[in-house]
Amino acid sequence: MALLHPNRLFSPNSVTRGIARELYQTVKDLPIISPHGHTDPAWFALNENFPNPAELIIKPDHYVFRMLYSQGIDLTQLGIGADVEPQAVWKLFADHYYLFRGTPSRMWLDFIFEQAFGLDVALTPDTAEHYYQHINTLLNQDSFKPRALFERFNIELLATTESPLDNLAHHKTIMDSDWNGRVITAFRPDNVVDPEQPKFAASIQTLGQITGEDTSNYAGYLNALRNRRAFFKAHGATSTDHGHPTALTADLAPDLAEKLFAGALKSELTPQQAELFRAQMLTEMALMSLDDGLVMQLHPGCHRNHNSAVLERFGRDKGADLPVQTEYVAALKPLLNKLGNHPDFNIIVFTLDETSYSRELAPLAGHYPALKLGPAWWFHDSPEGMRRYREQVTETAGFYNTVGFNDDTRAFLSIPARHDVARRMDCNFLAGWVADHRLQLNEAAELAIDLSYKLAKKAYKL
Amino acid sequence: MALLHPNRLFSPNSVTRGIARELYQTVKDLPIISPHGHTDPAWFALNENFPNPAELIIKPDHYVFRMLYSQGIDLTQLGIGADVEPQAVWKLFADHYYLFRGTPSRMWLDFIFEQAFGLDVALTPDTAEHYYQHINTLLNQDSFKPRALFERFNIELLATTESPLDNLAHHKTIMDSDWNGRVITAFRPDNVVDPEQPKFAASIQTLGQITGEDTSNYAGYLNALRNRRAFFKAHGATSTDHGHPTALTADLAPDLAEKLFAGALKSELTPQQAELFRAQMLTEMALMSLDDGLVMQLHPGCHRNHNSAVLERFGRDKGADLPVQTEYVAALKPLLNKLGNHPDFNIIVFTLDETSYSRELAPLAGHYPALKLGPAWWFHDSPEGMRRYREQVTETAGFYNTVGFNDDTRAFLSIPARHDVARRMDCNFLAGWVADHRLQLNEAAELAIDLSYKLAKKAYKL
Amino acid sequence: MALLHPNRLFSPNSVTRGIARELYQTVKDLPIISPHGHTDPAWFALNENFPNPAELIIKPDHYVFRMLYSQGIDLTQLGIGADVEPQAVWKLFADHYYLFRGTPSRMWLDFIFEQAFGLDVALTPDTAEHYYQHINTLLNQDSFKPRALFERFNIELLATTESPLDNLAHHKTIMDSDWNGRVITAFRPDNVVDPEQPKFAASIQTLGQITGEDTSNYAGYLNALRNRRAFFKAHGATSTDHGHPTALTADLAPDLAEKLFAGALKSELTPQQAELFRAQMLTEMALMSLDDGLVMQLHPGCHRNHNSAVLERFGRDKGADLPVQTEYVAALKPLLNKLGNHPDFNIIVFTLDETSYSRELAPLAGHYPALKLGPAWWFHDSPEGMRRYREQVTETAGFYNTVGFNDDTRAFLSIPARHDVARRMDCNFLAGWVADHRLQLNEAAELAIDLSYKLAKKAYKL
């Protein structure tokens, strides 16, 4: 039995399904543009074999281990913060694979199992050992090294995300190599613009050392950031990425910004002042975007590390980040009033709060020339999440104020799976609107290619 | 090729589609009741030919030019705040018509092109000139004058919206003419009840001059409002309309209301006080409704003129109004506790925040005898918006606590198109519930007529 | 004509419908687990005939009379707070039965009419008298006594809800009787943990008298609660239930909690302090759950008794309760940080704010081992509400972090109707995902039984 049905995610209505299939045929083999994600550039710089199935598929994927954790499996049993036989981890995973029924993880994993590893039986407690051995054997082969997989996956461009303090050595290695794969960085300055990040003052000091700027004052600090943006741009970056708690922006008088910065260095800001400083930094970043042309991405609305015991025992990014309600209309006004009409400014806004799609974000994207709406993100980059996104966004913002798909993943193997889900969902969505005569078939055909490929290239200047 | 498919917006499922078609046959030719909108009464008073396609179709329609603006087309290029050849505006519009794919504007426009102007090729850059000439020629004919179109559109009743300071001269002209078209006004007092509106104090002074009341004190001010409501009622009005930032209502002691009014006249209110004054005025309006029987409409939740540069260059209503989160349960309590159980009070509440449908508004409408729920409004009067409205409202409020459709438009030609979309969506919705046996066919047939025609007449006392 | 179509609530798509029917066949006759509801235990203790159709079907069902009230029918006309002939009440209900079109009440009522009473004509003004006589005659028979109906309905377990001050005499009668029906209580301490409830201090005094604890101090008060929980457990309780205005929890220092308690007894708390005390009590209840194993249920987000005139004339629970926006991520953090990782703690969280499904609750349930997500509740336990629940919850939380269905009803006769709707909707939902190949049929078959039966038993330790 195949794990994947060729018509998966297509409407059971035969008219819609027929159109969806037709559209999908034209996009399924398009190259993958992955303009936003969190894979490790070392993989492509060093091109070493991946260690084993558990290390590759379970441990880096918080979608996977958060579900297991929610059902009482301790992270240590999965080899997180503990030394466990990878076979044992894999068996535990297989025993609980039924928990993923109906989740996108299940669909991505089955795609990986079938498409990347050629498996054709379902993962169950009984097949766990077969799976482990089969995958493990393949992982040792040259054709399963990162660069070979990158090529097999038909990736045209892959962006990673680095801190301004990163030396981008791996990216340099890739650029200097004779390999043609395009792996670029993106500038993610959270740790040097958010006074509430751990070790903020130390990071600013390091930033000064790296750039030769005097980061003890605001002007030098801004210069240092400009300097690092240029460095990132030289390593391929076409975008910046900002993961703020809220979407708040500010347009403060210079002396107030300077005063907040001084307070930030001394860890003296109240939470409200820290928020205001972050808000101001979004506007500063936007102003720098005008000069260097980097496209700005804003990812607000996540309560990070909610589970304090898990944070203490296992560190950050352990599946305990939680979406919160996020306001955009008032929050973005200072920034948009300053730069929202500027033809050279580009900001892509994301949300974890789906209520903002039809109420705030589609109306904003449908008015401001500078603002485009990022795709369904994180918890919502799933079939139902993608469907809600198109249904709630399109009528006000159209298709052309959106920017194609982001996989946003640390799980390298899942990239083709995620893009396949996105392409199928978009084709099925378009097919539904052709079937009830809201779109002509020729328009849908053009849109399918735009949504799968062209819009991402254009929005991210790739 | 026809622009419009006869089965558009009907489910591709053949069972549902068959039922939807059957229901639609019974409502498609019912007269149009348009109880809330913003067309210009001068059109029907003077009955002059419309100037040209760009002036008629593009410039007054913020749905149209906001989309073009969002993709980098300056408003001046569209002849807004600038003198541009209408043919050039039309060509620019045609060049970018693809942007409207999937939006309700596209569906309304195609309806206008085919049904009003008999066009049967798609609007593209290539057909732009043909379109312009064809439409322009027709617009010069007698059969395309406002009254002729009103009749051709089968409009039984059209309500416009005027300020209390308006002399309703056009409505008087219409009433005194031998034309039988029913074009009535609605009382929209925002500029004389909202202290934050520009020129508030001057408006209150004018209100006093018009009515002969001493509007320098609260009692005289209320009398003046009563007087103008009577004047509007004499010109056909059956409703009032209130476009407040929030849904807040208040039931203040008279001396506090009076004090706030005095402060408002002197522009001395804080934003909170201005909000409280508006809140009190909703209750005052409701009390006057008890006496004169005008149905109250509340349209809260819009952040107006968000783009300050656009406001400064081009003025209000330029596509930069944005929905915001809106709370109803606590906000309406003072008003509903005073009048919500009164058999002679009628309030129709609208929202731009779809999250309130199932959570707040359907439960309110499903309990308070005075409160009915207005239809999906503005950004949400689209196929998907209407579907969400019925899905999220009906199970708690039923169909009979809703009030039929409002087109709410300035774009006269789009009125039949919008009502057609609403009738199709309601028929398709009902058909879906017949197809899965939640409704009997005979019930759906009765409901189709209620939703298309009867409920609006009843709710607005027409 | 049958009132109920055998395929009701199944998709009109023939593929999906076929699968849904197949799944439904396997679950339709499973016993009913009703772990949360508000039926009267006296019915099962005394086993007397129900009085008459109006008294049984209309008066206790706020879903029914709130709709009638919203359309201008005074509650006194329905015999609420007034003495009216039950035939007259029934006739008024029949005259307005069309108002319920499209509501779940209509579906439940038709189920009762056909399945419980064998009626096969629709309820209309013309059949009202026939209905009344037919139902009334049956209600006098032995086979329509509460215990007989309980058995006919195939109820395996029915939980009621009682205050800690209740002596559970009816439950004791049932336990001591030779009847095998399992009717258990649930511990609902709102009136003794919420300082804003009427007669709070008196209730605490009574609590002390019942338990022999000195409830004038905090330690004694907590002991008294522990004591009553044990008493409830001895009468079958496996859960507690908490109906708070918000989801706020707190983890206060003991002396602060004690001080708040002292203030509560003297009615001296500000609203903020009362909220904080309730928040603390959730954590205290959770700590007691660790000891006694009772599963905790949290039902926040309802503005109770919104209509003050109705409250004054007719008392509580008269259809004027309204959902409000509800925040979970920050609110639950104190409790979850204390106990959310504990293997012996179980909390089931509900919402009336559907926006929290995908944004907050599915992510919380998909991470914390202690937290499961309760089903669509109250206003949302309807076909569309259930559909939105599964669509918005499943992709992040999976199926196994949910707990099956709750009917939550006072309307005993509606219990099988409500479970039937839930089973049909779940089967149809699963069928849709089989039809588009997101699930295998064998997985869906297992899930159908889990969602209909097994998950509720497991989550509530039944």
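A, B and C label the chains in the order they appear, each numbered from 1.
One rule holds for everything that comes next: contacts are C-beta pairs under 8 Å (C-beta built on N, C-alpha and C of every residue); 3 or more make two chains touch, one makes a residue touch a chain.
In this text the structure is predicted, and so the values were computed from the model without any measurement.
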item	value
Same or different residue numbers at the subunit A/subunit B copy interface, by half rule	different
Rotation angle (°) superposing Cα atoms of subunit A on subunit C, nearest 5	120
Distance from subunit B to subunit A - Cα centre to Cα centre, in angstrom	40
Shared interface positions of subunit B, touching two or more other chains	13, 355
Contact footprint of subunit A on subunit B as seen in their complex	4-5, 7-13, 66-67, 69-72, 98-104, 107, 122, 303, 306-310, 319-320, 322-325, 352-355, 379-380, 382-385
Residues of subunit A defined as touching subunit B within the complex	13, 15-16, 327, 329-330, 333, 336-337, 340-341, 343, 355, 358-360, 362-369, 391-392, 394-401, 432-433, 435-440, 443, 447
